[in-house]
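Take a look at the structure set out below.
As written, the chains take the letters A, B, C, D, E and F, and residue 1 is the first residue of each chain.
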Amino acid sequence: MATLHTVNKTGQPLELCLRALNAGDSVLLLEEGVYALYEAGDVLSELLRHVAVHVLDADVLARGMTNRDNLDIDMIDYQGFVELTETNDKVVSWF
Amino acid sequence: MKYALAVYGAAGTGGQSSQTALSFARALLASGHEIIRVFFYQDGVHNASGLISPPQDEQNLPEQWQNLVKEHNIDAVVCIAAALRRGVVNAEEAQRYELPGSNLREGYELSGLGQLLEATVEADRFVTFGD
Amino acid sequence: MSQSICIISTQAPYRGQFAKEALDAALVSASYEIPTSLLLMGDGVYQVLEGQSPDQLGRKNIASMFQSLELYGIETVYIDGESLGERGIAPEQLLPLYTLLEGDAVASFLAQQDKVLSF
Amino acid sequence: MKYALAVYGAAGTGGQSSQTALSFARALLASGHEIIRVFFYQDGVHNASGLISPPQDEQNLPEQWQNLVKEHNIDAVVCIAAALRRGVVNAEEAQRYELPGSNLREGYELSGLGQLLEATVEADRFVTFGD
Amino acid sequence: MATLHTVNKTGQPLELCLRALNAGDSVLLLEEGVYALYEAGDVLSELLRHVAVHVLDADVLARGMTNRDNLDIDMIDYQGFVELTETNDKVVSWF
Amino acid sequence: MSQSICIISTQAPYRGQFAKEALDAALVSASYEIPTSLLLMGDGVYQVLEGQSPDQLGRKNIASMFQSLELYGIETVYIDGESLGERGIAPEQLLPLYTLLEGDAVASFLAQQDKVLSF
């Protein structure tokens, strides 16, 4: 039962998501959750070793965060978001 | 696959969830998936208000939602309890609560939380767009 | 319809209607005879602090609403132990109807659920 | 002293600011202070909606605000830009934007941000109730 | 120019308030800001040495936080809130 | 009416209308010839990150709205340095129209203001 976790803010939503992850899960950062690229670099690097982390391109571009793509996080569009919901068995939203 | 969506936020206020959910819904339909129900909950009920006029240089999300609902004949349910406490009502409820008017857009049904749980169970995938 | 539903409630008790809506959803779910669990995480753990008196806010007591869960066959509320610890809350300050999930137990609990609703 | 208040939140949704501001306003008046203006901004504009029906076992904050405004003849201004994007309108704006109805309670005026700044400067104390 | 700072949430509002304080200012914790009694005990103890900190009774009672009054923070009602706005020259709201 | 007004903006750029409303308030205030300053703190510092492209969100570019401030005589935007540091943002990633307030400077700056509006 792999799970897609969506995270739309840093702070509590991101922290709670981190403790709910199982091996094989995926994380999608969207809306203000993309600020994790700025605020949680260390956490993300650690995270990337265990689960797949994606960011939604529209939200990254909107906020001018492109200069942080050195973190090598997979940037996807809404089509990619849909595919993540197909390949995972369920979706949990953290907000 | 069969999807059910829950939308918790109003358009252009608070968070961005109304816009995100709309984009996701369009991508779902473009991929050939079926949306068995969209449940508008919490501040999401404002998306069904017919009295909203966004600034002309911004998109009109309530209108875009209504167009999507009509075009694809989507079962669009607005939580009645959440709607009553936020001032979104149809003519029937306006009469029941003796309100001076109604504002629910065409194409939306006011109903209870059972519709959310039913859709959650019946859908292959359930996605919440929290605000 | 033997799918299991888990309702996660993460907001403080009088923050909008989040806490009440999560409880409502749990009750409706259980009344449909769906196997239902309720999990409190983050600020959601404040919902079950004893001694709440929200009369001056003109709101109903959220803690006392938890008592109706049992009538619908929801006999325990799951609570993230780490969220308690972060807030310095001792288990004896809580309503006596919970099951603590410590460490990885939250993740494994969620992995077993078919659908998850968040509030 | 002369007070001006800004209210950013709706009743019973999001934060608690509508309730807090109302209690504070009552305490101000009980202390003999003057409220030169209450400015309803952001989601606070919903407090002026005439279509809200809270559950019977909860207080009706929009009604209580309206009573306070009437009783003490308070200058109650609703930000017009915030109100239009949230679907709170009077008959005049409904006509201008070709909307199917209006819902602003009696006793409230729709006006611009200038009214907020003016009150801020004229008041001895300005208090924001953020949501 | 003494300032009354109101704080209605822990997290960012409380953190920003802390760095905006001057000697002689007052802080009022209200709404969800009263959870600072649980989450920021050390910060508050430190704070109490420099500025006056108050909590709004209605919000403390609503949330069942009375068992934390060992922190010796002044509990006030709305009348006390009004008095704080009289004795300070301005009010800054953190939310 | 020589009172000074400071507008504090603490929310990220596309979170509701907070950022835009703070800018609107600053412009109206300045147009009334009130001495006006704008202070970004917390997530508010994200408002002036260069390179924002919010077209796909159907929103106007917040960063570009800052350019109208100068027309109304608001020649600098005050930024809390600690908020930048916490987010690992370098000053050169920002629009070039700010004054950094470091350490106690934020508190002393606020002490000088007659009225403060928060967004």
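Assume contacts are C-beta pairs under 8 Å (C-beta built on N, C-alpha and C of every residue); 3 or more make two chains touch, one makes a residue touch a chain.
The shown structure was predicted, so the numbers you read here are calculated from the model rather than taken from an experiment.
Peer 1: When you check each chain against chain D and chain F, which touch both of them?
Peer 2: Neighbours common to chain D and chain F are B, E.
Peer 1: Superposing the C-alpha atoms of chain A on chain E takes a rotation of how many degrees, nearest 5?
Peer 2: That rotation is 180 degrees, given to the nearest 5.
Peer 1: Residue numbers at the chain B-chain D interface: does the shared fraction exceed half, giving same, or fall under half, giving different?
Peer 2: same
Peer 1: Per the centroid of Cα atoms for each chain, what is the distance between chain A and chain E, given in Å?
Peer 2: 35
Peer 1: Centroid from C-alpha atoms only, then distance chain C to chain F, rounded to Å. What do you get?
Peer 2: 39
Peer 1: Where the CA atoms of chain B average out and where those of chain D average out, how many Å apart are those spots?
Peer 2: For chain B versus chain D, the centre distance works out to 26 Å.
Peer 1: Averaged over CA atoms, how far is the centre of chain B from the centre of chain C? Could you give it in whole Å?
Peer 2: Result: the chain centres lie 26 Å from each other.
Peer 1: Give me the residues of chain C that touch two or more other chains.
Peer 2: Chain C, residues with two or more chain partners: 14-17, 43, 56-57, 59, 115, 118.
Peer 1: Multi-chain contacts only, two chains or more: what residues does chain B have there?
Peer 2: Correct list: 12-16, 23, 42, 81, 85, 126, 128, 130.
Peer 1: What residues in chain A touch two or more of the other chains?
Peer 2: 12, 32, 58-59, 90-91, 93-95
Peer 1: Applying the document's contact rule, which stretches of chain D touch chain B when the two form their complex?
Peer 2: My answer: residues 10-14, 42-43, 46, 49-55, 81, 84-89, 93-94, 97, 99-103.
Peer 1: Looking at the complex, which residues from chain A come into contact with chain B?
Peer 2: 6, 8, 30-32, 58-59, 77-79, 81-82, 85-86, 90-91, 93-95
Peer 1: Give the list of chain E residues in touch with chain F in this complex.
Peer 2: So the residues of chain E touching chain F come out as 1, 3, 12-13, 15-16, 19-22, 90-95.
Peer 1: Mind pulling up the chain B residues that touch chain F in the complex?
Peer 2: The touching residues are 12-16, 19, 23, 57-59, 61.
Peer 1: Spell out the residues on chain A that touch chain F in their complex, using ranges where they run on.
Peer 2: Touching chain F from chain A are residues 32, 35, 38-39, 41, 58-59, 61-67.
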